[in-house]
Amino acid sequence: MFNEYNPLKKAMFQVIDNDGKVINKRWMPQISDTRLLKIYKDMLFARVADLQIVSYQRQGRIFTYPPNYGQEAIAAAAGALIQDNDWMVPAFREMGTMLAKGVTLKELFLYFMGYEDGSKFENAKFTLPISVPIASQLLHAAGIGYAVKYNNEDKVIYAFVGDGGTSEGDFHEAVNFAGVWKVPVIFIIQNNQYGISTPTKMQTASDSLAIKAVAYGVKGIQVDGNDLFAMYKAIEESVKVCRNGEGPVLIEAVTYRKGAHTTSDDPTKYRTKEEEQEWDERDPMKRLKSYLIANKLWSEKEEDKIIPQFKEEVDRQFIEAENYGPYPKEDVFKYLYAEMPDDLHDQERQYDRFLQWKATKVK
Amino acid sequence: MVNAINDALDIKLAEDKSVIVYGEDVGVEGGVFRVTEGLQQKYGASRVFDSPLAESGIVGTAVGMAVAGLRPVVEMQFCGFIYPAFNQIISHASRMRNRSRGKFETPMVIRMPYGGGINALEHHSESMETIFGHIPGLKVVVPSTPHDAKGMLIAAIESNDTILFMEPKRIYRAIKQEVDEGKFTIPLGKANILTQGTDVTVVAYGAMVREVQKAMVMAKEAGISVELIDLRSIYPIDRETISKSVKKTGRIITVTEGPRTYGVGSEISQIAIEEAFLNLEAPPSRVSGFDVIVPLPKGEHHFIQDPYKIFYEIERIVKY
Amino acid sequence: MVNAINDALDIKLAEDKSVIVYGEDVGVEGGVFRVTEGLQQKYGASRVFDSPLAESGIVGTAVGMAVAGLRPVVEMQFCGFIYPAFNQIISHASRMRNRSRGKFETPMVIRMPYGGGINALEHHSESMETIFGHIPGLKVVVPSTPHDAKGMLIAAIESNDTILFMEPKRIYRAIKQEVDEGKFTIPLGKANILTQGTDVTVVAYGAMVREVQKAMVMAKEAGISVELIDLRSIYPIDRETISKSVKKTGRIITVTEGPRTYGVGSEISQIAIEEAFLNLEAPPSRVSGFDVIVPLPKGEHHFIQDPYKIFYEIERIVKY
Amino acid sequence: MFNEYNPLKKAMFQVIDNDGKVINKRWMPQISDTRLLKIYKDMLFARVADLQIVSYQRQGRIFTYPPNYGQEAIAAAAGALIQDNDWMVPAFREMGTMLAKGVTLKELFLYFMGYEDGSKFENAKFTLPISVPIASQLLHAAGIGYAVKYNNEDKVIYAFVGDGGTSEGDFHEAVNFAGVWKVPVIFIIQNNQYGISTPTKMQTASDSLAIKAVAYGVKGIQVDGNDLFAMYKAIEESVKVCRNGEGPVLIEAVTYRKGAHTTSDDPTKYRTKEEEQEWDERDPMKRLKSYLIANKLWSEKEEDKIIPQFKEEVDRQFIEAENYGPYPKEDVFKYLYAEMPDDLHDQERQYDRFLQWKATKVK
């Protein structure tokens, strides 16, 4: 597959077309109907959650939030394949994979409401917190890859980055280190066409992002990121490469950020209605749904039934997060060092004294 | 303040063809805080534009442009994202003149919103001015009002030095002030005495000035006369203004947002003891953040300086 | 000191399979200062190895390894080349525990030769410990003797924190000292009183300790009794030791190599005035580099602290 | 040429063989005999200087120095083509190009003896000082490229980096920016097989360094860096690309550092005699000399005559540098800012007072 879709050939790997029809039987992944349905529902859940969060934000109930809207197939495919013991190294637009690892929506809500507790990911093993500084997390993935290889563990590291992130030096260093060390990392670039307002063509003059694999001597492939089957198959094959000790893989998943960059962004400033409509045709949910309906695995009726349930579930977790309670003062100081240095301890005590004094002033 | 900064850029872009403005999303979008709004339309995409997402790239290319005679004004999108550019700042932007014994200069400005209090994500609320103030060859300045922002930015763009221009984003839109039209400059490196007072000198800058002013209301009620100095320049420090003031009041407190240890406060205290040891009636003191990472929004109130904290310290020092 | 550090690495590599040593040229060559000499032969190339030439890559991958349970000890080849890694240090290595509320830790050591006095090229002589000491979540330590280097490095490798281990390269081979064999540790964060004295406290660390000791010979001749504290830890600072000493002597001077403004000196002074204001008989003072870029070798004598400079200040402060 | 030698084809561009015989007439550059002789003499001068400096260093008369030994053809070819108004952005192993720009040996000596004055390059226009932090200078080249393009100047920027330097994030960002901006920069990687002791294969798993051009959508070519004609031609063609506004070019010049990394390095630790001998066969001076002698343009006799003259000239400049005199105290403070801040002025005055006091103590 990596030969057939060598990025130098400039062909994007696709399995279904915009109407959900299989156009590439050879590479159609084997997914059982139940499993496929589960994946679709996970994508749907992510989308429902996503749209709902945007409306919470409008109500002022959450701060910034970066929607996954339109990119659900990528995180869902990775989520379907990632194992409990595999590592997840997120950027910040991979809700599907995080949920699959056991992160809860409530935790994500807490995080975006402004609690570090939301990054603890109590039930998600081997899942790093969201990384805000673009591309820097990729080096962690390479380092984890080294540890996994050093310890002879049978684990794969899933690492995410955006198209914008490929311009950072850390992207270069990470894929390069991983290539030299031949470590089992799948680097997934979500090329959603923009880094905030900046289009991908202003990030780089290269023919594609997948082609950058050549610079590191690693396998690369450009995949239709709105085609769940293609994403699934590409990751499945990448996992094999990794488990065979053949080193890292670079996947460019071509997609589109249908929403705003974050809830504080206004995309009408930098892109056209026509462009948005064009991408609507390629919407990953729509395409998978067409496939499912055509194959009698799903119906609009079922969808109409399940959406309210999902909304309710999202709301339930959101309200739980909203009622999380105050942020304990101790938490400001507690996690800096394995043991708190005396001086920091003093600072905390001084703060206590101030708070006591303040309590007498402010009633 | 956003408008004042935009105005300063506008004036310099109009006046000097060597001025170039770029950074992440500063072109079409006009910056995530809309500071550069409208400038690309006005001056074209070769003078105001979006760069690839790479901070070292942005600062490093600006060094090259400056060496070649342009006056780049680049934006770091948030205070937490300047670090990939750290090597270019400390190894080149601040060194080129010294290294080449004056043959090359790097007249360039690095603009950066900084500081907390806006309910932002991690890395969007830092105040790490100390580490930049400690870099020889760099100048670091912070305006506290729209007027200062405009005058200081114009001065920064006209300077032949490399200037880190830190913008207190918390007050980007908070302070309403009539700003003089047209071009004017405010000399870099000079502090500004905002209020004369006799009991204690309080040194602050950026968004902290306003917080001190709130504390001063309480101080006044308590009968304490505060002399408020807006430091304006983190490096170089206006030693003379501080010296005079502390000699007069005998007491000094510095209010900053960043971590305490190795913060700006201890340097101001050191200056006070060097300049006015025998006049001191209380130990030079500081109100600052703790030595911790800025908490996410729900915990940020524990970290940022509220006026009560400042007043608490004013009272303590005056009663000392 | 080179041997003592090599010994510490050797002991930990032998004892703990999770310890991994890498960096530029640390493998086959054993490091440009031969600090890691022989270790690759002994422990194999999967435990001691050369990395690609990329400091962000080195520190960033170490963060990943540490998160995954290893204990990487990485080398930055010279103090001037740590800056490309600055973002990984300030945004990740020092933050992972806090960010994940204790779920992940980054037990890792970044070793780095620092400081001047060895006739080196540009960027090979810096002492910028302040900027690292100001980073919350990071520990920064400096040994001044081979014995301390060994004990502190073992402690650093065993710590679950991220430690910047700064090695004063000027005395890499300058101090002859018997170092205890076998394993021992020296707790990080504790200063060391090297000489008891009554007239003035002098705080120093790294290569400056030896320079102060030279100055103390002159001081003794002049009848001045100096209490010498080896700070050992830039962050956290051992407040208690400083406090006790300055309460006793009433005078304190900090001797450092880096630029003056926002240097370690002003923080030590601040601690002195916070802890012992009423005991002070002279202003807490500092001997430091100037706010300039370290000159190339032919001019370096103007920059580094000679014992006369230190003695000059001791005399001034004692006579104050 | 860039099509024919597209790095994806994995063919190295060569013009002469190890014996100086032309094996690639099609791409043999047009160089007049006098000009060619001049280039050869320049290379010879560089080599003589180089070897002499190493011996000065052994005598303790200079600190560290990174020899060019074995790599002379690259800097010489660039030196022959670079114009007075072109920009030179050096790493630190390009003596030939620097001399061509008008830098003097004396200045280089001063620099390596420890005077910043050696970086002033009084007579070399548009030549940046040596850049110690690896690869960081490439971004300056991209920025200068922007300025040149912005000002519609007809200038080319020559930027150098080593094989090790390609691992740094700044390499990536620089070539990427240059690609997006389409600026006239020739990036020349001197792949001398090592970064200090680290062999190139430990820097990257990519098939070549030239191939990294693909990642940035720029032209690239791998050239035999020990083949003066090939280097000359490759740079000549690159200059055309740049002057045509077709953007940057990435040249990998394959060569060998015959000497130590710097005078403080011992290469026997990390490489074999056999390897060194193998590369002796490909020595750039030897190859060019064979060509010249075969074409009756040069003789051993002439060489024997000229070498002592060169040695003398090197020595003359070295001794001038040695007698440069003391380092004025003022120079420590003077160049930090356009105008010296008061506080720095105070620091200088305090230092003056200390020096006066010290003068009374030390006799």
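Labels A, B, C and D are assigned to the chains in the order they are written; within every chain, residues are numbered from 1.
The rule we apply is simple: contacts are C-beta pairs under 8 Å (C-beta built on N, C-alpha and C of every residue); 3 or more make two chains touch, one makes a residue touch a chain.
Small disclaimer: the values here were computed from a predicted structure and weren't measured.
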| item | value |
| --- | --- |
| Third chains touching both chain D and chain B | A, C |
| Remotest chain, chain C as reference, centres from CA atoms | A |
| Mean-CA-position distance for chain C and chain B (Å) | 30 |
| Intercentroid distance (Cα basis), chain B paired with chain A, Å | 35 |
| Inter-chain centre distance, chain A versus chain C - centres from mean C-alpha coordinates, in Å | 40 |
| Per-residue multi-chain contacts in chain A, two or more chains | 116, 132-133, 136, 167-170, 173, 176, 180, 202-204, 331, 336, 343-344 |
| Where chain C touches two or more other chains at once, by residue number | 52, 54, 56-57, 80, 83-84, 87, 91, 98-99, 122-123, 136-137, 236-237, 261, 291-293 |
| Chain-level touch network, classified as line, ring, star, complete or other | complete |
| Residues on chain D engaged by chain B in the complex (per definition of touch) | 87, 116-117, 119-121, 128-129, 131, 133, 136, 138-148, 150-151, 169-170, 173-174, 176-177, 180, 331, 334-338, 341-344, 346 |
| List of chain D residues in touch with chain A within their complex | 8, 167-173, 176, 179-180, 182, 202-207, 211-212, 214-218, 247 |
| Touching residues (chain side chain C, partner chain A) in the complex | 20, 46, 51-52, 54, 56-57, 59-70, 72, 84, 87-88, 91-92, 96-105, 136-137, 139, 159-161, 189, 236-237, 239-240 |
| Footprint of chain C on chain D - complex, ascending | 63-64, 111-116, 132-134, 136, 164-165, 167-170, 195-198, 202-204, 264-265, 269-270, 326-327, 329, 331-333, 336, 343-344, 347-348, 351, 354, 357-358, 361-362 |
| Interface residues, chain B side, partner chain A - complex | 24-25, 27-30, 32, 50, 52-57, 80-81, 83-84, 119-124, 260-261, 290-293, 295-300, 302-303, 308-309, 312 |
